[in-house]
Amino acid sequence: MRYTQETGVIIEKREIAPGIFDVAVSLPVIAKAAHAGQFVNIICGDYLLRRPISICGFDPEKGTLRMVFEIRGKGTKWLAERETGDTLDVVGPLGHGFSLVDNTKKAVIIGGGIGTPPLLPIAKFYGGNATVITGFRTASAAILQEDFEAAGAKTILCTDDGSAGFHGFTTQALEKHLGNNECDIIYTCGPKVMMKGVARLAEARGIACQVSMEERMGCGVGACLCCVCGTKGKDGDAQFTRVCLNGPVFDSAEVDWDA
Amino acid sequence: MRYTQETGVIIEKREIAPGIFDVAVSLPVIAKAAHAGQFVNIICGDYLLRRPISICGFDPEKGTLRMVFEIRGKGTKWLAERETGDTLDVVGPLGHGFSLVDNTKKAVIIGGGIGTPPLLPIAKFYGGNATVITGFRTASAAILQEDFEAAGAKTILCTDDGSAGFHGFTTQALEKHLGNNECDIIYTCGPKVMMKGVARLAEARGIACQVSMEERMGCGVGACLCCVCGTKGKDGDAQFTRVCLNGPVFDSAEVDWDA
Amino acid sequence: MPDMSVNLCGVKLKNPVIAASGTFGYGMEFNEFYPVSRLGGVACKGTTLKERQGNPPPRIVETDGGILNSVGLQNPGVDRFISVYLPWLKKQGTAVIANIAGNTVEEYCEMAEKLSGTDVDIIELNISCPNVKHGGVSFGTSCESVAEVTSQVKLRSKKPVMVKLTPNVTSIGDIAKAAEDAGADALSLINTITGMRIDIKTRRPILRNNTGGLSGPAVFPVAVRMVREVYKRVNIPVVGMGGISKWEDAAEMMIAGACAVQVGTANFHDPFACVKIIEGLEEFAKSLGLSSITELTGTLKEW
Amino acid sequence: MPDMSVNLCGVKLKNPVIAASGTFGYGMEFNEFYPVSRLGGVACKGTTLKERQGNPPPRIVETDGGILNSVGLQNPGVDRFISVYLPWLKKQGTAVIANIAGNTVEEYCEMAEKLSGTDVDIIELNISCPNVKHGGVSFGTSCESVAEVTSQVKLRSKKPVMVKLTPNVTSIGDIAKAAEDAGADALSLINTITGMRIDIKTRRPILRNNTGGLSGPAVFPVAVRMVREVYKRVNIPVVGMGGISKWEDAAEMMIAGACAVQVGTANFHDPFACVKIIEGLEEFAKSLGLSSITELTGTLKEW
């Protein structure tokens, strides 16, 4: 039984930026099995489809899962209205996460907006060998900077409006960084156009790059084929691959960005 | 503007019998306009149709409405889970209530189960001239006895299982009562078969009888024709009449019990 | 301020929101919440040649995201509609749409003739009521009978004729085309989808009529698809309805191709639904900088 | 204990609950929640003669009480179904229903022939998929084509053939009768109802395929009505589906006339939905003192 349906109590909840919430939920079975880059699927009130949320942290000992989410619509609004002590119906851990093999390698981690949370466990793995480049609309929307720093990673904050850190896109900051620094592997999660840009930079330099894709989901476990993204088949043919089972993390070279 | 949609705060809530709740809700506009026998229509969570609940009491000065309801399904379950301080979306007052003309007359009031609450304002009107016969499955399901007594009415409690008061149906108790007492007018609310029995006893004796009908409703205001009950037309023809607008209270002689 | 008025086959509606037939009576009751003059129009309860008692209760049951109803066209008949209800409603200052249902083509025609002498604005041909034994939906399910009743009524009516289509068909586009070719001035859709619910304790249908018509948010995606299909098929105005409960739904329906919308079941949940939808649409049009709400209609860019 | 098994055209199901095609893959994923041997059967993802990539994403959108999907029959083709997926699923110990969809009658027949040589239990003819351009739903919307594909497949199939009907038709009863007359061993219904949702900001359909199929609780009353209509019209077993999400719904569907049920969309909300429905039905049968769950089927007392 690889998948678990668990009802967990919210034991902590904070609004870490306007409309963005950081919750810790007691889910001992899922927390024990979780891996960086995986996600869970949560019932939100009376809505039929579960909402997928990435795992931002997991503590197998305490049996807790950490998730950071933004209010984007009805379901996440419902979620944001839950309070400490309320319970959530959660299925997980789901999907194929990031591969973390050798923490002596130099890793660069690029996160855009609400794509940032699933990257935190990677920074924890690489510690001082990680450089984390994150981009947000504006300074007040920036999240998790202290967490990345606490993990020992170097951080480069970018904002679209220049209200904090580097004034510009993460891809620009990445290009600069790669010009002056060693890098063995790149991890990224965020808007599709950003990941596509990151992937192009990585591929141009022959650096391995793992991307975390997002798609609307049905079952969340690989059974319904609703959540596919375009990938390149063995012979280069375009094909559709399940984000929930074969992803959400893919080797950037597999992804067909224009599908 | 005869109808009001008002959002009111629950200011008191008690479980007065297993699964039966007594709530006071702050609804100043509706409370001012309310009349005995009318009802309100309440949004229950995400359910599409409002649920009709009778007005059990109204205090125009305090601006509060009292309702007593039983958990019967999804909507009333939701309602029962609301707590003091929560708000309700209520439309009312709706329908055509009991006519209360001369409180020197002798009134007999017959309530069955959860049909009892709308009868309380009648007892308050007639005071010592009212006799209230109520029937419940069992002693623990009996409600509002103290309220009827506080109104000054004589009370006769019946239970189906004999666990309290008269062992038998309200119609039996009524028949006994009518044999020994004066009665000018009868009011009744409860299961259809009980009301039909009451109506028959009243009509046999030529006593005016007002009955409060129940039907599944759509709009609640008379526009959709979903809530009809069978009534006798002018020439005795069967016809269908809106419970929400022309009722819920009807003269028993109007009702076609077999429609 | 964007111009909220729309022209529906020659009739100017002050805004594109019409209360749907059968859910709003003749407007008198909802006029006790707000002046019905706020509305673009009121589609009156379905009227028949003679008075009808309708089906026995229960006539309504809630389902997930919707309701089934089986009212069965209870109404006072066209003569009393004309003498009692129409004058009151017309006086309020909103477009009046008379919704008529006949057992025979001749009945439709007689009613259309009677209504031609009144100040009704539009006649809505209800050939889609699923809750009556004769006539009703049976007229709406074949292209031939749709064409027959539409063309006959057109010959006898001095009012614009809007044909109301049933979704219980294989090809709504074909039916729509048949109505257009037969001379319909406008189309409205969807009426309800036939459904059934059962009480598992008594093993009886909950509705005394056994089946009823499904309406409400549950049917909205079906309605949007059908309105789109019809919009692409015909050149006459399409009035969209089925599950609209908020302004976003109305906007979606208009983008799909509707020039106006009708709102039915939503009135039961929120008596102010129509008013809120009008206000929301106006805000939306403003935020988009439209000079007229009509600029929304049919602007869907299909993939 | 009531006997929960049912006989579906000669195949014994250990209970009347089948996972619906397209929502359950080949059972492998849900087997990571509970052993799929708990189920009466698994209807596998729709299979075509050759591998298909399906439609581009987004393929799913939530609606009130339902979802629209436009997967478009992505599948590895019948040969890989037979060599890779079928052996695994068959080994689990549940009835296996192969769901097949062709572009032509000949394709259906070829697949049926190939499957006749395997230990598939039942072939479900999917003549009702609304999400593919050719074949699919077009076979299911006329009595002639239903009869044609059914009778041809019957000639070439050694397995029982269950025809899966689309609700997007004027008369489901006529279609059902045509399938029965053409030799169908059983019928299953409903497939999805075609719908559309639009993003009002981009004015684009949310689904990349423009339209999709509506399923989930929203369609339940329509499904119950259609199952009832078909049950009254034919003498072969009817498998009911469409919006079943709890045991009460399954019981309702059986009372309407279904000898077994399929559960689709509900699996997305609650991965244990099928198991809970089986347990609930068993409790229900026990509380009624039934000796067999089959005693429920068709016991509706209409008014």
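Note that the chains take the letters A, B, C and D in the order they are written out, and that residue 1 is the start of every chain.
Convention: contacts are C-beta pairs under 8 Å (C-beta built on N, C-alpha and C of every residue); 3 or more make two chains touch, one makes a residue touch a chain.
These figures come from a predicted structure and were not determined experimentally.
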{"item": "Co-neighbours of chain C and chain B - touch as defined", "value": "none"}
{"item": "Reaching chain D from chain B through chains that touch each other, fewest steps", "value": "2"}
{"item": "Per Cα centroids, the chain farthest from chain D", "value": "B"}
{"item": "CA centroid of chain A to CA centroid of chain B, Å", "value": "57"}
{"item": "Interchain centroid distance [CA atoms averaged], chain A/chain D, Å", "value": "36"}
{"item": "Interchain centroid distance [CA atoms averaged], chain A/chain C, Å", "value": "47"}
{"item": "Cα-centroid distance, chain C relative to chain D, in whole angstrom", "value": "33"}
{"item": "Touching two or more other chains - residues of chain A", "value": "none"}
{"item": "Touching two or more other chains - residues of chain D", "value": "65-66, 216-217"}
{"item": "Residues of chain C defined as touching chain D within the complex", "value": "63-66, 68, 141-142, 168-171, 193-198, 200, 202-205, 208-212, 214, 216-222, 224-225, 228, 243, 248, 251-252, 255-256, 284, 299-303"}
{"item": "In the complex, chain B residues that touch chain C", "value": "1-3, 5, 43, 47-50, 91, 215-230, 238-240, 245, 259"}
{"item": "Chain D to chain A touching residues, read off their complex", "value": "22-25, 28-30, 32-34, 45, 53-54, 56-62, 65-67, 69, 71, 74, 216-217, 265, 267-272"}
